[in-house]
């Protein structure tokens, strides 16, 4: 691929590239970092505290009740899984489409995936009535019969989908890191030789990179297999990422509850996931490039592209919303129709209209080049979209459940402060890990950037 | 005492368990108690009692023993069958072959099991000293009591149906030449007795035969819910609700929606406090052409109440009144007119009843549907208003030296008459009762009486002598009320022999055989039912009747009784409190029932707090919008707001309720007159106050949104097309799977909505059978009630047109639908459970494995019927307070926190019967296998059995044209069928 | 049809440098040219070291294509069939249970799980394969890089055959280069 098609060009030497990227990790973190880190760690601890309390007292501390047996926990679960998707999309799908601009953002995006899935993974565990019995969901030979699991249950599919997704993303991400870790190792080696590595922290870090770089030396032969592996993993991750949110949507689509039981759910959920995921990537990238002065790497063009993707997926989601109503109208099923009327004007209409404003209206600002190249606008939109996507899940889960077939058991769902506390805490949990990541690992794929640069120069035929 | 030591060991074990009761430990504990019980029959009574079914009589561990007994209370006698396991009663059921009840008892009787194991009962007699109570020995207590009973002694109590107790009381009264005051908290009985006394000179409560009447007209009498003998009447009424045989017709004229009104074929909503006007109007229409038409006394009174006047006052269109009169005329001798209940309580006692008597006389129903032979109550032993007032006066004057309160709560019941202040002036108050109430706290000596399951007693009503025998030895240091009075009267011997003696009079023999048979059967018919009714009424009795002849202005309050709580004497019971009121669906509260049109006008909504002001009362009470009310009529249930009712409930429910938090005392609004109390049409003012309140509403939605859940047809249409009122979903295709063959037994539950009156007996029976936890107001507000079978209540219209006609929602169709797990063949809940905790059995049950469940609650979401319940908190364990643990059914797992539970079709009963059947190598007969709800239904609306066997009743009912299954479009293939309701609109 | 030889090449794995020369060159381009020369000169054991993959090296290093995909395929099939047989054993043979009136073996419900298992097995096998071929792993954390800055910005060629420095010079021809003995790289103690 030639420089002309690249949406950014650095003309930096490899040495400069790695200095730009690695330097943030080589000096002691600044006040800003510590500030945000401590806040998020605090939120995380609060969440863990609340979870512990519910373990002791019981789920009654939440607002859920008999018709609405799933509350904010499941909303958060779907939300966070969705966030994860953009990472894989960038690292895998854009890779297969040879989208070169992905190079500088895929590492951070993948990291986001890992942490988002970790956060999401918390919720299924803590929302069950008897978390200490949760190992029942694994089909292992046991002396209770043996009692096996029910392979027909979408929740079990979830277990497989999420764990597969998490582990595959993890190794994909890690294998991508190996050359950069080796690079860090070799940079540190010289300090080591000169006895500069004295502090415990540095020793630890050196050991850390030595071990994690599993003896990578950049051999040509290994590179060939390595590239093949990236290709294979990318092509495995692509259907995987699509399958994960499909399976998550099955939790709802395969049920019999009006408002859940819809064939459009899989594509609708995937689109929504990418939508919210890209919004989150945008938020993070805007912060990272500012904080670590990586404007050269994460150019405005990157953000613009993401803006366009948000516009497109946003319209897909809007289409899905419309189709839901069309189906309900066409179904001639009174119960189904009532659910959707209830969404528009029922007691939770406010949630629906918030979702509508955030997800259907806001992305259309992206039509204007002026707006989609304006960092501030992009930042606001990215946040708004995420709020909207959270409410989308709220609308799906709560409004469908609270008024279904039997009017006698209709109930309102009123979240308690525990519900809200855990929601806020989950963000703390996510950012806790993300902040650790940007401090300890290269948040841009150095080797890939070098390769792009190198190949540019190769193509230009100019020497080093 | 050895037995107490033994009991202690059991207690200690169970106390240990309270920290962490899980199924295994619980069962071991039950095992231990069972073992120790069976070793020396700790809890088995001393006297010889004869088991009902199981022989030989000695207790076998694990095998239930059934005893026939009766619950003798001041409202009447409930013949019961007590199921005891290892010497402990665990379930109350109706006594099926009892001549008049035929097994009919209602929720309040099933709930008495909690009264027995109430942790707040008096453990010993109590002496007051320096403001606090200290435990006393019985001998001291009795001697002290005797010393206190000097000078001017008064005894106050409610009426009694027990001949032995009355005669013992007589002895007592003679000894201290004390005066006995009998009062009636609700007033239904007194109104009836006094009214009849006026009309016929016979102060008896006649025997009603609702099953003999083709046309029943009720004016304010909630005979299906609270009036006189609701359980018996429900049985009789429902036996005539078969649309294929000549079905009866019920017309109800009432101001506040009651259970009876809800079941009416035609309901005439009258303005609060105008029922006498309506009755007189009806009488006027009927009078011409009758043999009483000549009577001047009568004409003088009724002439004023022309249909137009009646319309103006009551709001009932003149045409409706006339057509009703015409109907009644046509149904002469085949009809029955009843009136009464708390609402009918009038400033002149028996006013309504006198008019009712007149009407029945005109229609000459006496001796046809209303009988004086084998009457419910033979004598009117109620003290007159004058006597009662006199007592209060002399108490206030300090002339009463000793007041004995015999199992009553006058301070609360007569709060409007200022009994509370009066009792403070009495030197010595002796209280006989089971637990604290507003009166007991004024007593300086408390004699702890036993629960009816611990004591000997007897009762007579409807020509049947019923015996009440102890099925468990006293849990605490208590004596049966009879024994206490006997001791106070200084008589020798115990009450047991006393009852035996009394019984011999009825039995006509003192032989042991007769006695044993009585104990085994639980009853003895001493007076055959004869078709003999009242004589002609005395026309002058009418002349005293006064009734409003002009519309009542302003908000008008009626005091009503709720099915669960009644007069509130047994309010300290979690089952009664948590059983949603059939009409308002509210738990743990009494609410102000307000008409929809008024609420709309005032901008009130259900749950708002209203400040209600009366002459000498002011309360803040949550309101509920209640269809079927005239604009300015309001209803408030009595029996709540007893400040000192100790809260048994507290131990069992989350967000424990402080004392005095259970509703408000409606009695305060009653207006005291020289000759009686006015309970209806009380002028009040209501203003909204801005307060947050978490009202424990079990159901919030009024309409079923045309979803054909509870289906109704008009009798005429039904005759034409049995399927009328139905809407069937046609399901094409066979589906993608081959269905599992369910050979052998296949259980099916059938519920006849035409019989079901919504009394909620099934609900309480199920609670008691299946150890269902009670959770309290706060949790129910959140929507976390645990009932396995619930009673859905809807107000609907058969067509949009009718709906528009009745914008004020005066005459909606009221639907009751008991809803339980449908045990779907293609259950959505089973597919979604990741750990296979719920699955299908070969005999078609949807099974739940509690200890496999991890509580994802996915099944609860995916259940279209929303019948699955989740244990949000630990509902037993620590909450159980000795001796409550004994009330739990050892055959049913106690569910831990975090698991789903739901109706199991009483699988423990199925298993038991299957076992027996296998041993005897026969099929399970549907007679001996009955679910708790089926047993709990006084209306016989529920049938359960094997649908694979074409001969069983269910398989026939399932094929009936009225039978249908709900939410078919989901293709769940439920194993519960409903039979559509048929309304007999004239 | 794939010949065994091709397959061998395809699964050709990293050859650990033990002796010989390290030739540093300036750029990726030079490295490519140099490697070609080395191959022409008939050197048996040689390899290149660079901070990023340089396209065109495949032929030079004698790997027409990486047959890693073969491992992926086999693993994927294994995963699916393992899953299916396990589920069949559990639901039909070991403990048949009726769920919602569905048959004991309701295959449509198994599709998502089988799919996930396929991916899982395939992905892990692929990574495993690379580690094997690249002789990577936790046991190799103390491996000393033949070219100390190859992961940073240095392009080097390793020649493992027994030939003299002069011959190497000859092979490199006009490419600007420095020759070091393996394990005697000057940069090892001094960075810039």
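Letters A, B and C name the chains as they come in the text, with residue numbers starting at 1 for each one.
In this section, a residue touches a chain if its C-beta (ideal position, glycine included) is under 8 Å from a C-beta of that chain, and two chains touch if they have at least 3 such contacts.
Values in this document were obtained by computation on a predicted structure and should not be read as measured data.
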Chain at maximum distance from subunit B, centres defined as averaged CA atoms: C
Which of A-C and A-B has more C-beta pairs touching across its chains: A-C
Distance from subunit C to subunit B - Cα centre to Cα centre, in angstrom: 81
Whole-Å gap separating subunit A and subunit C, where each centre is the average of the chain's CA atoms: 29
Averaged-CA centre spacing for the pair subunit B and subunit A, given as whole angstrom: 58
Per-residue multi-chain contacts in subunit B, two or more chains: 828, 830-831, 833, 836
For subunit C, residues contacting two or more additional chains: 97, 99-100, 102, 106
Multi-partner residues of subunit A (at least 2 other chains): 147-148, 150, 152, 156
Partner subunit B, residues of subunit C touching it in the complex: 97-103, 106
Subunit C to subunit A touching residues, read off their complex: 12-15, 26-29, 35, 47-55, 57-58, 61, 63, 66, 68-69, 72, 86-87, 90-91, 94-95, 97, 99-100, 102, 106, 109-110, 112-113, 115-117, 119-120, 122-124, 126-127, 129-131, 133-143, 145-153, 188-191
Sites on subunit A touched by subunit B in the complex: 57-60, 63-70, 127-131, 133-134, 136-137, 144, 147-150, 152-156, 159, 251, 254-257, 333-335, 338, 401, 404-412, 414
Complex contacts: residues of subunit A adjacent to subunit C: 13-15, 18, 139, 145-148, 150-152, 156-157, 160-161, 164, 167-168, 171-172, 175, 178-179, 182-183, 185-187, 189-191, 193-194, 210-211, 213-229, 232-233, 236-237, 239-240, 243, 246-247, 250, 447-448, 450-451, 454-455, 457-458, 461, 463-464
Of all residues in subunit B, those that touch subunit C in their complex: 737-740, 824-831, 833, 836, 839-842, 973
